[in-house]
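Naming follows writing order (A, B, C and D), and every chain is counted from residue 1.
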Amino acid sequence: MAGNSFGEIFRISTFGESHGVALGVIIDGCPAGLSIDTSFIQSELDRRKPGQSAIVTQRKEADEFEILSGIFEGVTQGTPIAIIIRNEDQKSKDYEHIKDSFRPSHADFTYQEKYGTRDYRGGGRSSARETAARVAAAAIAKQFLKYYNIDVQAYVSKVGDIALTQDYSTLDLTKTEDNIVRCPDAATANKMIELIKAVKKDGDTIGGCVSCVIKGVPIGLGEPVFDKLHADLGKAMLSINASKGFEYGSGFAGTSLRGSQHNDIFYNDKGVIKTKTNFSGGIQGGISNGMDIYFTVAFKSIATIMQEQSSVDKDGNEVSVTGRGRHDPCVLPRAVPIVEAMAALVIADHLLRSKLSKL
Amino acid sequence: MAGNSFGEIFRISTFGESHGVALGVIIDGCPAGLSIDTSFIQSELDRRKPGQSAIVTQRKEADEFEILSGIFEGVTQGTPIAIIIRNEDQKSKDYEHIKDSFRPSHADFTYQEKYGTRDYRGGGRSSARETAARVAAAAIAKQFLKYYNIDVQAYVSKVGDIALTQDYSTLDLTKTEDNIVRCPDAATANKMIELIKAVKKDGDTIGGCVSCVIKGVPIGLGEPVFDKLHADLGKAMLSINASKGFEYGSGFAGTSLRGSQHNDIFYNDKGVIKTKTNFSGGIQGGISNGMDIYFTVAFKSIATIMQEQSSVDKDGNEVSVTGRGRHDPCVLPRAVPIVEAMAALVIADHLLRSKLSKL
Amino acid sequence: MAGNSFGEIFRISTFGESHGVALGVIIDGCPAGLSIDTSFIQSELDRRKPGQSAIVTQRKEADEFEILSGIFEGVTQGTPIAIIIRNEDQKSKDYEHIKDSFRPSHADFTYQEKYGTRDYRGGGRSSARETAARVAAAAIAKQFLKYYNIDVQAYVSKVGDIALTQDYSTLDLTKTEDNIVRCPDAATANKMIELIKAVKKDGDTIGGCVSCVIKGVPIGLGEPVFDKLHADLGKAMLSINASKGFEYGSGFAGTSLRGSQHNDIFYNDKGVIKTKTNFSGGIQGGISNGMDIYFTVAFKSIATIMQEQSSVDKDGNEVSVTGRGRHDPCVLPRAVPIVEAMAALVIADHLLRSKLSKL
Amino acid sequence: MAGNSFGEIFRISTFGESHGVALGVIIDGCPAGLSIDTSFIQSELDRRKPGQSAIVTQRKEADEFEILSGIFEGVTQGTPIAIIIRNEDQKSKDYEHIKDSFRPSHADFTYQEKYGTRDYRGGGRSSARETAARVAAAAIAKQFLKYYNIDVQAYVSKVGDIALTQDYSTLDLTKTEDNIVRCPDAATANKMIELIKAVKKDGDTIGGCVSCVIKGVPIGLGEPVFDKLHADLGKAMLSINASKGFEYGSGFAGTSLRGSQHNDIFYNDKGVIKTKTNFSGGIQGGISNGMDIYFTVAFKSIATIMQEQSSVDKDGNEVSVTGRGRHDPCVLPRAVPIVEAMAALVIADHLLRSKLSKL
């Protein structure tokens, strides 16, 4: 009800503020009997953590996790899995200047108005640091999906005006982690990195897009009407900090096509029903059809910039604010594991839900 | 769980198949004491119903509704409001030819696989006819919002390649209903209508976009983290048949902007804190900030075309299918009230949720 | 949220007021592929309906139902099943005298205070007439359970001070429907009927208990911690009008026993693990263990009596109220199918939930 | 869905196994702006913790808690409040003998069957140790209720055959904590203590009842139909380990009364509408009427006894099991704060829900 939980059956609930004692997550509804590789949780957290490269924030968080429950002798017990990550490198003093002021395009103002109180340190609960808990939970979800041979891969497809123009199917996604911006095309990646460095030098920030491909999803995931698979994927992506849009399959560009161009023709591929094209993005009528699922998420530029900006304080007085502390010039590289995390959580949940469709 | 309900507090549950006995909806959680104008429910249904103009399907449904419960002496009782709409002009015979075949880019195949059974008549539960129930429910939600002076207005902003280029704030939205395509700019509307007629003549269909503006939303709606206001709006829109994407505020285009360009500067407008620009689309940190909320939804071309297409049947044999019956050449005009309906439902729900934020 | 839905996966939502247009229910989450005998729905409604014998209310309601959706060619489609029952023999004038007065031990006062408005006719939504919708829904649930060979049987075990003293296992439950009070022991049944007739002659009412036995429940139903199987059964029973208590297995009486007396000893019965005694009532740690589940529900005497009573009106003035219309002198006989209905709904829901426990 | 959460708006989710790393709870939906006395959390945990007197288990757990999130500068932020309690005095070796065997009337067998795996140490998730997390959460809920002047008090009303015979209203509940069995009547308390000591000497255990009174509940809490206030209280109580029954108001005994005896007559007490008697237990039609709410919960004797018992192992072989470790001879004294905890959580949740009933 208060918006801190996600999923119906494979359900996570996160907690924690950016500069509080700890972040954490409860994963409820993971079936019993799944062997868990805990080192994978750390490697996923490492992909998201700050300080990993020159183009992300230099805040230093080890992001070491502790599992408190739900796993016994390496195996899930069907009971809630609780994971916590203690906060360490907090520099709360960097935030005292905005204790009573509202940073432009941040959540300071809306939180203050909604709750009448606000943990201003590091953005409190509105900080993207919360997504570490999601990534930890999704490291369990990904292992659950692996059991079903489902694979989720995201990559940066656009930074500022520099965009990948290839179709996803022509990209070699195994190369995504080969560069610090996480774009599978090396040439484009270099241009993106240069742009981010230039933006950073200006004390500015820049937006872009993350695309994601999910392979191996069985037919039948997604519920008709409100919980269509792409609707839940869309909500999941739009719940990520700084997200501004979502499209799947042919997306916005596809709206210019006619039905005769856009329809995906079924054919029989050695006993398996497939479609010749995949404008549907692997989802028809809200339900997976066995083809690749793919989608793109838009992220705005990060609001904290190292430039002076005008704003107001709690009493409505005009003030000037300038970003302090250590911030990302571009959210995109670190958004990749977060997009994957949310996608994995949606698929895990719908995989379980799909077990209930028929006798 | 099975995806037929939407909303947490102001919650609707729809039922009914396209050619079944009736469609309907239960609205649960509407507060007691709201006076209801039942004629408004009919006028909203009339905006969505088939046969209303030359550019939509000629199927004839009066879409007359009956309220079964929850309203006594014209006032909501706090108990569930049930509304049904009986199906009338069904021509189920038009569908017997696809009883065992899968129409391209329809839900025939995925439903059959998911459930092992399928009401093939008129698309059954996957038909957009289901949205009549949403519109009826939203006619209650809109009256609830009117009580709080909140106003929801959608319009067609793109058909094929013909797009409105103006900012929403320069449009006169009172003119949306002046033409059959529901575009507030008369010149653009005419071009859209011509395009749809041409497409129809070809036995083809065409996609496009609907945009929506919500005015008067108080500060504080939306829950942080997963149930961000735009995330719930996004899911709502993506749950509409044929929807392919969602963006709010600066959307996909805004990802090219730098933070210094994109940040919305706060200022004090005679005691009210506002922002000078509104790239945020009225939502910051997932919570409404009192500015206009605006967003755009992408819709693909309708899958049923009056042309012969190749496909497969249940047994995997190659077959040929051609659309029969009466279908829309373009979903956009009728999508306008549906987009408004889903938006109204999201805002009504979050308005009630926001009452729980603080002591 | 507003309390009109029950169940997590096999989920029902009821609507309707006693003297409104119709009652109804949506059953969501019933798996596709279940063959439905619709005549069984009517026979279950007939067991609950008024006017069936000399010891129940003489209100005449045919309680004929109409299925609006979800079943196609006799088979569930995995889509919501909507059933409505129109109200017919309403004598709303019988209630005008209590339009502004509060009947003792009724919901008139609390509804008026909670909602600020009230459909006073026949008790509106607070009427036990609402349970017809539950019985209709459970007629689907029972057919789902029958598919798994699970059987639910309730009977009247106490009226006033006349109580069955036998253990449930010594009773022949096939005889429950042989008499109008629905007690499987003929001699006790006669005493109960005499008591109810005497009470009725006095214009009074009387309470009692219904017991219920569920056979064939597989091991593993019920979720640990909050959704223990007996906790959900208890809530289900306490949600029935006039219910005052619930106990299962050894119940209240068993609290006097020592652990050495009360523990149920496991043994191996030809490869099946059973317990020698069944004080646990078939549930251990909140989870079914394969033994019979049994429980008892307490019902108070009905509040509407044909005697003059003192009360107050909306303005706090003292008034006198006397029951009018046609009312039950004893809720017990008609409560039997309702107890069965709620039990069937709980078991159906947990049967589906249990599919999610392990890989 | 997996049964580890309770409440709709004021919602708790617990995690942790008896001998795992830690127990804990997330409290979601507590409104922002509530000042929290953290020392009260410890004092509530102390009332529940083992080792507090001669008649409870001698297991030593400090039950020291740590708040990880949600409270800033002593005030709730509207964000999730996470509390953990690390396990300390585990003697897991005491449980190795039952690794493959099923203790009678424990959850060993049902957990093993349900999940196919089981953390046997200390009962794992099925241990009543889980209730420490509930008590911690309820220490927040109680402070929320105190803000509204609502008070929850439980006490032991029966141990074995020794029962309080007085009406709750004649007891001085301030004396409940004056003795180690938590019975407000000193003479009865002494008899109860003697009985428990005798039972303990025999290596046996004994059951009994806890009663609870809630004062100050405003009119209008509870939702009609399924989420009646007493139905949710009943479920809450039945979710406590070893619980076997629940009754409220006149309960089971009241079923013998006639309507003319049982009806609670309304009267005007200086402008406040009250009832002369309170057989309704403060709840009519499922909604609080402003009178005291009172109820009683039945608890069976604890299953672990220090006597040899016959049982079976995983393979169905007959085995003998004898309780080891440190266990309670009687659950009642420590159940008192747990009953209060669950009652406080139900009332807090419905208090928030009641804000949504009318415009």
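We take it that a residue touches a chain if its C-beta (ideal position, glycine included) is under 8 Å from a C-beta of that chain, and two chains touch if they have at least 3 such contacts.
Computed from a prediction, not measured in an experiment: that's the story for all the values here.
Contact with subunit B and subunit D alike is made by A, C. Listed candidates were B-D, A-B or B-C; the one reproducing the A-D interface, defined as more than half of contact pairs identical by residue number, is B-C.
Subunit D has its Cα centroid 26 Å from the Cα centroid of subunit C. With centres taken as mean Cα positions, subunit C sits 39 Å from subunit B.
In terms of their C-alpha centroids, the spacing between subunit A and subunit C amounts to 46 Å. Counting partner chains per residue, subunit D shows two or more touched chains at residues 1-2, 4-5, 8-9, 14, 29, 32-33, 78-79, 114-117, 125, 224, 356-358. Touching subunit D in their complex are the following residues of subunit B: 9, 29, 31-34, 78-79, 147, 224, 352, 355-359. Residues of subunit B touching subunit A in their complex: 1-6, 8-9, 14, 102, 104-107, 109-111, 113-117, 125-126, 130, 158, 160-161, 199, 202, 204-209, 219-220, 222-228, 230-232, 234-236, 238-239, 243-252, 254-268, 271, 273, 275, 279-281, 284-289, 298-305, 307, 309-312, 316-318, 353-354, 356-358. Partner subunit C is touched in their complex by these residues of subunit B: 1-2, 4-5, 8-9, 11, 13-17, 20-24, 26, 28-29, 32-33, 66-70, 72, 75, 77-82, 84, 114-119, 124-125.
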